[in-house]
Amino acid sequence: MTLVIINPNSSQTVTDGIDAAVDPLRRFGTPIRCLTLPDGPLGIESQRQADLTIAPMLTLAAAQSDATGYVIACFGDPGLHALRDQTNLPVVGIQEAAVMTALTLGQRFGVIAIMPASIPRHLRAFGAMGVLNRLAADRALDLGVADLSDPDKSLSAMVAIGKRLRDDDGANVLIMGCAGMAQYRDMLEAETGLPVVEPCQAAGAMALGHIALNQSHRKGPK
Amino acid sequence: MTLVIINPNSSQTVTDGIDAAVDPLRRFGTPIRCLTLPDGPLGIESQRQADLTIAPMLTLAAAQSDATGYVIACFGDPGLHALRDQTNLPVVGIQEAAVMTALTLGQRFGVIAIMPASIPRHLRAFGAMGVLNRLAADRALDLGVADLSDPDKSLSAMVAIGKRLRDDDGANVLIMGCAGMAQYRDMLEAETGLPVVEPCQAAGAMALGHIALNQSHRKGPK
Amino acid sequence: MTLVIINPNSSQTVTDGIDAAVDPLRRFGTPIRCLTLPDGPLGIESQRQADLTIAPMLTLAAAQSDATGYVIACFGDPGLHALRDQTNLPVVGIQEAAVMTALTLGQRFGVIAIMPASIPRHLRAFGAMGVLNRLAADRALDLGVADLSDPDKSLSAMVAIGKRLRDDDGANVLIMGCAGMAQYRDMLEAETGLPVVEPCQAAGAMALGHIALNQSHRKGPK
Amino acid sequence: MTLVIINPNSSQTVTDGIDAAVDPLRRFGTPIRCLTLPDGPLGIESQRQADLTIAPMLTLAAAQSDATGYVIACFGDPGLHALRDQTNLPVVGIQEAAVMTALTLGQRFGVIAIMPASIPRHLRAFGAMGVLNRLAADRALDLGVADLSDPDKSLSAMVAIGKRLRDDDGANVLIMGCAGMAQYRDMLEAETGLPVVEPCQAAGAMALGHIALNQSHRKGPK
Amino acid sequence: MTLVIINPNSSQTVTDGIDAAVDPLRRFGTPIRCLTLPDGPLGIESQRQADLTIAPMLTLAAAQSDATGYVIACFGDPGLHALRDQTNLPVVGIQEAAVMTALTLGQRFGVIAIMPASIPRHLRAFGAMGVLNRLAADRALDLGVADLSDPDKSLSAMVAIGKRLRDDDGANVLIMGCAGMAQYRDMLEAETGLPVVEPCQAAGAMALGHIALNQSHRKGPK
Amino acid sequence: MTLVIINPNSSQTVTDGIDAAVDPLRRFGTPIRCLTLPDGPLGIESQRQADLTIAPMLTLAAAQSDATGYVIACFGDPGLHALRDQTNLPVVGIQEAAVMTALTLGQRFGVIAIMPASIPRHLRAFGAMGVLNRLAADRALDLGVADLSDPDKSLSAMVAIGKRLRDDDGANVLIMGCAGMAQYRDMLEAETGLPVVEPCQAAGAMALGHIALNQSHRKGPK
């Protein structure tokens, strides 16, 4: 019995960050295994890149014979519903889980996106989720995925956007709009005074809850 | 360190049912204590009854010195935001948690209400949550709270409403709109083929996740 | 036959202001009595404070044997639905009435809140009312309730927020988000050129209309 | 000082019914004068007919030199915003006022339309008002405007639709979707047990409130 | 067989601009005739002016015996549904067509209005269309209709608003909120890097598609 | 210069039907070429199948060197945004185009789905489009894709659902929720009296309009 978390990009550094982010959930007793998708791009910046990860991700997921649940760890949830078509096990997307978690922590959520080009993608997803009335704003750092490896640049950019989301847009809770920002959560909470949802953590917790409660999207035979 | 679940009505039978419902979550390692509110009514049927539980509930919550988080276990979430004003610890309402969980399990959720009079209350809450675009319908059993103690009547009424929500209203996931229905979850899933969210379970899982991840509605000093 | 307006805080000054605000409605012929809730807090700043006024407010309301209708005069409408559960007489909340009135005066309404902490509470209410598509923005003065007694500070803060709501957020009508601002309505209208809805006035007018038309939330026997 | 209510169709019978409907509001002290639009059609069934009443209605309104406020008494509110462009005096449409009133009387409103062809028109208006989340359903009697003069047919058709709106669609309050149904309000309330909003009454009450409070859509000089 | 485009104001200059704007659509093979409404105002600034064009517009439309479809070329779509009541032929409004086209070109659309007073009118229309979740913002140039004839002033004002809609409000596509801006489309696209929808073009293309596909709002006999 | 329409399933019969459906648009002068995706499934029933067509569809699209625009001809619009990331040419999805077209033909649109399992997929898309307020209902035929080849069964099932959408759900316009239903459009319009949007036609017309007007989702250099 293992919760399998798939990072659909090919960066082991990002996967390692995810693994560290969800570590506090290991005390729940279910093993958690974080996988890198070797066929994924180094970072997912466009819908085209996201969509092209689905086929290899589905194959990788199917090969995890001990899986008792899955998390797809890319903000954008590529292949979320495709994997739900493929398996009866719980499947959680980090974007969806982050939003549902944020909705219990503040009335309006602000999203910190890596790049402006991601925002239309996010808005389509929030529209599909039916939660746009709760969105304060979605604003981009305008740093390349690469720049995220510079901790100082990243953190100061996040704090600046977080404060703008709080003060101008009225956000009461922040969502990190990327799988690779977990290390900054505490500092961002300290600097803004707002709760911050790290999406891999939110998804991991939700998946473990689903597993413990035998809660899945499909109850009949596959 | 204990998760405290407060049943704001005075029925120990309901509290016992809640305790049994969340039992699968005890393997996460955090003790869970379910409390009955002695000053609550036997069952909560009106907004007036719900509102009048808030003052004693806040007192009861404040007295739990070992609490590391709270669940308010009445569908309607009376006092949810009042308790969040009182404490920095995670506070989860079963209605809110049930909805957020259901939104990850199906596109449209159907709600099984105990009585017709509860529906306007639910709709106000779903509007405040901003999720009405995801609601298939909210339909009532039209059984008294008392009749819920007759397992046969209750189950067959729930199955009938569940099938109507599925077939006429297009629900892909069902929410039990009451804290006292947990024993019927498996049978309702079997009869309808839909995932069923029992709200106390959903809230318990979410609260334990919040505790493990140090996730709260307020991050600054109280 | 009397319209009873209950100020759920314990400030007689606020009650006196409400009484003056609704005075132009006395020419409709129905006596209006404004009551202070002795058990209320001096000012209502949190949801917790609001919720705790409900029990004594319900008792106070029940004791008004000559009442032919009620107004609950706190922006936030604490106990609105509880009092509707308790009586068949018309019950109007000043927040609800202010919004419904504003929707007939401009396409987008802006709300002037006393404190930032009130805004999530307002947004939950506007969501429950289903009117968020009409909201321009809800912005806070960031003055303490106490500072409202300094007319100069209050008025200039209101005018500044009113102009921001008009110019940046596109508000065509303003709502005073508090029961204690009535004396500034004319000046705020003059300074901004926008219609301004004072919520106690709006609620009083609506309640008198309901009474004259025998219009209530419930028509069958209690 | 007079509240002028304009019936934009040419039926004096309809105007007489409006006059009787608003009679209980005369005790507020402001004279109310109900006018028939001689250039209007006998009944307004299409958007085309509605739009063609605007020009003569604006002329008729401008000729009422003692007016201190206006009500446009056709469900559909033809010319509502045009008249607001023409005058600074309060202008209330019966459709808008009926909806805003209904929103204070029940969580979901049902509308009884005269003919199916009116429903898209209503839905456009409800969309412009931003209140579709509160609509239970809008259902038509499918009687000609003429048949409304047969009290028995009309009432039984209204009761049937009202019960369907209540039982199938979940309406908690009903709106009569026409200016000529006022005589049936009491019976419809008795038969359905729901509050019923007669739109001319709702608009009259709201207009008198606006007049008493000097509340208009425009506060600067015309 | 002719597509008839009616400019409901009396400015031949505006009509000539519309004619030039839709010229690229003439290669589809259907003749296009652009008409000025002699009884219209020089420019349409208020709802009152818009509504008063409906009667003569309907007459002018009815007189076009070779029409195989209509476009009403005023942003605000005055008489759109009235003309649909009058004819079974395709009738397209430039505002509606511009929005539907923009929704296929970007996730959030920004609207460049001529004057602030138009914005509430636009918002009512977008609400009736049910597309407010896709609106970034609607902002006005605050130039008189007359100033639009000064190309330099107009273009620089449009570019400034277009960049604000893009950068502050998150628009991915722009709509020119007036029938007389077509000549600036290319420059505005070049300056902002965003797709720009000129509403007469969008409506012309849509109308020609409807004609070719025998697609109308009504399929039965008139 | 060619409009390329890609059927992402591998059924040449479906492609032939699409080709016939868009034939009336050939008189606009732009060649239209309809392609079958050899690597696609015989029919697309699940999100998983839809997502797996994206990679080969993108390759096929890139190989069309004479393309001046694209239509993706599967209701569900798989890869719509991915192809927009890949090319600056106009890209139209049949689902999106059908909805935008239907919104100009009736206030509430009804969708005829092939199978119940498609409906959640549709609803996610309509949510992302922000048009749920305009949806009457989405109801399934519950025929297999194969059964669509039996004209009698298909047509009678469509007519039955179309009438239900019209009479019970209030649809004023119908959308065929599949690329392979075009041959039935006329009969369905005749039987229901409602306008019917065939999505390949709607998308073809919109794409040709975009091409003629140089209207694309991206205006800067790729």
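Letters A, B, C, D, E and F name the chains as they come in the text, with residue numbers starting at 1 for each one.
In this section, a contact is a pair of C-beta atoms (placed from the backbone, for glycine too) under 8 Å apart; a residue touches a chain by one contact, two chains touch by 3 or more.
None of the values given here were measured: they were computed from a predicted structure.
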Labels of chains that are neighbours to chain B and to chain D: C, F
Neighbouring chains shared between chain B and chain C, ordered by label: A, D
Selected from C-D, B-F or B-C, interface repeating B-D by over half of its contact pairs: B-F
Distance between chain centroids, defined by C-alpha means - chain A, chain C (Å): 41
Separation of chain A from chain F, taking each centre as the mean of its C-alpha atoms, in whole Å: 31
Centre-of-Cα separation between chain E and chain B, whole angstrom: 50
Where chain A touches two or more other chains, by residue: 106, 124, 127, 129-130, 132-133
Chain contact graph, described as a line, ring, star, complete graph or other shape: other
All touching chain pairs, where touch follows the definition stated at the start: A-B, A-C, A-E, A-F, B-C, B-D, B-F, C-D, C-E, D-E, D-F, E-F
Touching residues on chain A, where the partner in the complex is chain E: 119-120, 123-124, 127, 132, 137-138
Residues on chain B engaged by chain C in the complex (per definition of touch): 46-52, 54-55, 58, 79, 81-86, 121, 124-125, 127-130, 132
Residue numbers on chain A that touch chain C, as the complex places them: 106-108, 133, 170, 172
Chain A partner contacts - residues on chain B that touch it in the complex: 24-25, 27-29, 92, 96-97, 100-101, 103-106, 129-134, 173, 189-190, 193-198, 201-202, 205-206, 208-210, 212-220
